[in-house]
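You will see two complexes here that share chain A, one where it goes with chain B and one where it goes with chain C.
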Partner chain A sequence: MELLALASDARFLNVHRNYFERQNVRFVTYTGKGQLEEFPGLMIFIPIECQGQLVSPVDIWRQFLAREHPEKRLAIAGVEAIEHHNYLDLLALPRNFFDFFDNLKAVDAEDWIKLDTEALDMEEKMRRFYEGHGKESVTYTLSKISLKIEILSTRLKETGYQQAWEELFEPLEGETVAYTEEKWKELHRRWGHYVSFFQYLPFREEMLEVGRLIAYVSPFFEHNCREEVLFTQLESRKNIDRIFEILDTIKQEYAP
Partner chain B sequence: MNKRTPERALFIVWRWKEADALWHTAEDQSHLHCISENWLFEEETLEIIAGHLRAYTTLPQCLIFLHRKRHPRSYISTLFRFLQEKLNLKETGKLTCRLFGYGSDFLYLTKNPKGLLGDGELGGWVEYQDGQKKEIKVIEDAQKKTIRQGHFDSVWNYYQHEFKMKVYRLERDLSVHFAPFTEPGYSQNDVSLYAHLEKDTPLSLRLLSFVGEKIEEEEASQYQEELFDDCAENLKAAYGQKASEVYSQLRKSIDEVLLGNSLEKIPPHIAIPQVRRQFMQLRDLMPERITY
Partner chain C sequence: MPRKNYKVLVVDDEAEFHRNIRVGLGGHYEFEGALDKNQMLDKLKASHFDLLLLDLKLDHTGVPGGLDLLAETHTRFPYLPIVVVTSEGEVETVMQAMELGASYYLQKGKSKFELWDKNIQSVLEKAELKKENNALKSQVRQFREKEQAQYPFIGESPKIMEVKQTLKIVAQRPNVTVLLTGETGVGKEVAARYLHRMGARQDKPFVGVNLSAIQKTLLESTLFGAHKGGYTGATHDIKGYFEQANGGILMLDEIGDIDANIQIKLLRFLETRLIRPIGSDKDIELDIQIVAATHRDLPKAVAEGAFREDLYQRLKVMVVDIPPLRNRKDDIPLIVEHQLNREGFSQNLITPEAFEKLMQYEWKGNVRELINTVNHMILRREILQSSYIRPECLPMEILQFDPNASTSLLSKVQENTSAPLHHNASLEPGNPLSHEEAKALIDLQAIERALAVKNGKKQDVAQMTGYGTSDNLRYKIKTLYQQFPHLFTDFGHIRSSYSRIVK
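Then we have the complex of A and B:
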């Protein structure tokens, strides 16, 4: 049997290579959602270590699988001593792996118990990404930027770019930094801090798309939206709306 | 004269140019005392720290950093005893002492861009491993003696969790290393696990330092921060007598099971999870989380 494996540390996958060979189990590293159709389940090796922090993506994965693939099995493996119906203790392996695998609780089971580990739950990490430490959340900031871009598009049907820009983006008297440019930089910084955590989550492809789009439209915002040619060439309106749509959907589902 | 008590006081005894300087963050709830280590007698350094703490109306949470080169491990217990006596402290729960040095700790800007220590001063030009140089400002206003809040917070928050994290990482890495010996049907039940712990590897040096053996600087210059040269004293000071007892039991088990100092051979599939259980008991006595 082949199983998908998600791990940040290859040692976990290799440590019992002989055992799993004897059990006829082979792990295939998870790279994207497209693989899920081909395998009976996913094993997450915890904790995931990222940027020196220990995190657990288990609960987000369970929610995702329960919604999109309730027939798939979710197993969790590690060397911590944890009591959990779907946990494989790598220091106390069963004689027959399939005794464990066949008895895994379904991901949509109502009596699924939340896994308690030393690692920080990724749901908390997601909340911090969205809410941050300031007054404005990522989605609030993006919605304001998106609205400005929409108004810019509308105004461009009536007037020239320079006039529309002055109305919307020119820093007010006494301001040294323009609101939109500043907020964009803040979003960019926050993105850079969290992006490596997203690779361990089921919506990594969507987040990769957000990352690509942020990098793509950044030249427009870095010049405080001053260049009409960048606005048009980079399809800024369409791309900002797409970034907002992806992030807002994920927020509603996993960090409400 | 009593001065207003900050919530947090950080002491760094290092090769400062100034003998004894007080820096603080703008909101004045976080104090950084930079004390030169060039005093002739160590008692003078201790007296300076005690003097600052005595001047506060109440005792703040304290984090004291001493340089590894000048302060042997035993000095930490001397420091705790001295402060306890001089300040009439019933318990030492608010005091933590860490050794640092050789550029490998989170205090250094080369290790942590939000750290504090540059080349002999707060902030400054930092050269990274790839040869790039960057100026990092830690001081906010030299006249007002203020430092940047983010840098203080980064160091402070890290060291509130660092010790437990270090224990957890050692437990995890030992478990992964010895896991193959726990597999069902593993035939060599009288195996010497010590023979499978290669000498002078980072893991073996971390383990030896955890049980209290002194590791020479040149043996572990790349990963000084992963060592436990301040383990036993801090465990007792920060987590109390119970933690000290659990640590002693764990140390005994490690000595017998992993370092091979017992004639009685317990099968590895029983002995290794036992060691892990004791690690867990120790971590359970530490209320902080390992990730923040």
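Then we have the complex of A and C:
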């Protein structure tokens, strides 16, 4: 049997390779949720270590599977002493892995117990990403940039780029920094801080797309939106809309 | 069509948002801005705004200050439409905002900016519509109050209190047909309007129709409506009184005067609640309470075959008889006082002697006659330059009324006026007088008596009869003679004093 495996440290797998080979179980590393179709389930090796933090994506995965693939099995493996119906203690492996696997609780079971681990729940991490630590959340910052770009597009139907730019982007009297450029930098900073966590989540591919789009349109914002040619060629409005749409959809589903 | 330049107050703590709004929507609105709650309240107090655009995250301390501010603002300025601007777009927050009084919400980034203008415009239009609606409601309320003042049901005598009580009970049954009976002038329309005010249909129309005042050939179309071409001369669709009264009360006054054709149609409505306009092939269902009224003796008309018995049976579900004024004289002081007050006077204006005369009179014209008399007395007082309404301010027929005499000439005139009237009638026995003739006769009798009392002194006669000057008096006699020469036969003093006019 082949199973998808999600781990931050390949050593977990290497250490127990012999056991799983004996049990006739082979792991394939998770790279995107499209793989799920081909496997009966996913095993998450906890804790996930990311940027020096120990995190657990189990709850987010469970929510995702319950909604999208309720027939798939979700197993959690680790070395912590945890009592959980779907937890495989790597220090006390069962004689027959299939006894364990066949008795896994379904992901949409009403009596699913939340995994009690010392690692930080990724749901909390997502909430911090979206809500921010103080003044503004990611979506709030993005919404301001998006509004600006929409108004720019509206104005361009009536006037030239230079005039529209002066009306909307030229720093206001007394301002030392350009507003939109500053907001973009803020968004970029926050993205850079969180992006590595997203690779362990079901919406990994979507977040990768957001990363690609941010990198793609950055030249436009880094010059305080001054260059019309960048605005047009980089399809800035369309791409900002897309970034907003992806982040907002994920927020509604995983960090409401 | 050019759009109105609406005045909008934008409330957001970021100057950048104000700039966005001004640039993005500026051409269509007149914007003012406020960066915080205090600025906002100051501006709202200082001038009128058509709309408030409020950032829900006004307070960036993490406390949902915007919602509190929204609630407070809506309470203080309930007629100001508030559009909240959010960035988060949580359904819960938006719903909370709407519950707290927001008219709409816009989401930065999520709501397409092209639609902001359209959405704001739509909120403004709705607010205008609401304002117009409120103004209309207020007009209706004022109209009702005015109507109430115009048609007060005055009276506290036991008889009238009983009528009021009955009407209050009937008012709770908005589908019961009511038949109001009573002499001319007792206040049947006033009673019907009282029923309307007291009942479930008070916010719906009250339509009163005097059936005897409408030409017989037009009665059907006037009542039930007609489609264009429904009959010769119907050049456009006519909405009849029935449709106009839908939802409310239709008062059909002088129901005893309608012909057989209208009787059948009215019967059909009472049985089916359906009418069919002339020229239409479709029935219209209506929800109307019918209040019919008549001074005629309907059972007698039924016995004589002039009124359908089945219709009478339908009408007499609830009969309310309004007593004549002579049977409830306790109400005379109240009615007199009301009318005097309405004209800006107090009851003290009338001397006890004059009042006594009013109390003694038989009031065959009932409340209507009493109100007209009060108006007459007020005018006469002015003409006579008297401080009070004294007996000489009374019309002659009241002044000379003898409560002990069984019938007087004037009461005969009164009897004639309450009988069916016909124009061009003469004083020949059996030919009843028209209203105009009866009125003229009363005036002539007053002048004749005054001439006798004042020994023909025309100036004194003019003063006594209320015409003020001898010229006015002469003009009056001349006009009356031109209109009714046949009435002058028995007035010797007038004939001799005005022989050049009365030939």
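The rule we apply is simple: the second predicted complex is superposed on the first by the 256 of 256 C-alpha atoms of A that agree within 3 Å, B and C clash if a C-alpha of one lies under 4 Å from a C-alpha of the other, contacts with A are read in each partner's own complex, and residues count from 1 in each chain.
Note that in this section a residue touches a chain if its C-beta (ideal position, glycine included) is under 8 Å from a C-beta of that chain, and two chains touch if they have at least 3 such contacts.
Note that the structure is predicted; figures quoted are calculated from it, not measured.
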When chain B and chain C are modelled together on chain A, clash or fit:
fit
Given the touch rule stated above, what does A:140 touch, chain B (first), chain C (second), both, or neither?
second
Please state, to the nearest 10 degrees, the angle that the Cα centres of chain B and chain C subtend at the Cα centre of chain A after superposition.
120
For A:81, using the defined touch cut-off, is the partner it touches chain B, chain C, both, or neither? Pick first, second, both or neither.
first
Should A:93 be classified as contacting the first partner (chain B), the second (chain C), both, or neither?
first
Once chain A of both complexes is superposed, is A:19 in touch with chain B (first), chain C (second), both, or neither?
first
What is the contact status of A:248 with respect to chain B (first) and chain C (second): first, second, both, or neither?
second
A:53 contacts which: chain B (first), chain C (second), both, neither?
first
For A:119, using the defined touch cut-off, is the partner it touches chain B, chain C, both, or neither? Pick first, second, both or neither.
first
Nearest-approach distance, in Å, of chain C Cα atoms to those of chain B in the combined model:
18
Starting from the residues of chain A touching chain B, keep only those that also touch chain C in the other complex, and list them.
none
Which of the residues in chain A end up touching chain B in this complex?
11-12, 15-16, 18-19, 53-55, 79-81, 90-95, 118-120
So in the complex, the part of chain B that touches chain A is made up of which residues?
165, 168, 172, 175-176, 179-180, 182-185, 269, 272-273, 276-277, 280, 283, 289-292
Counting only contacts in the complex, chain C reaches chain A at residues 15-17, 19-20, 23-24, 57, 60, 62, 87-90, 107-110, 112-114
Please give the residue numbers of chain A that touch chain C in the complex, ascending.
134-137, 139-140, 142-148, 150-151, 154-155, 164, 167-168, 172, 179, 244, 248, 256
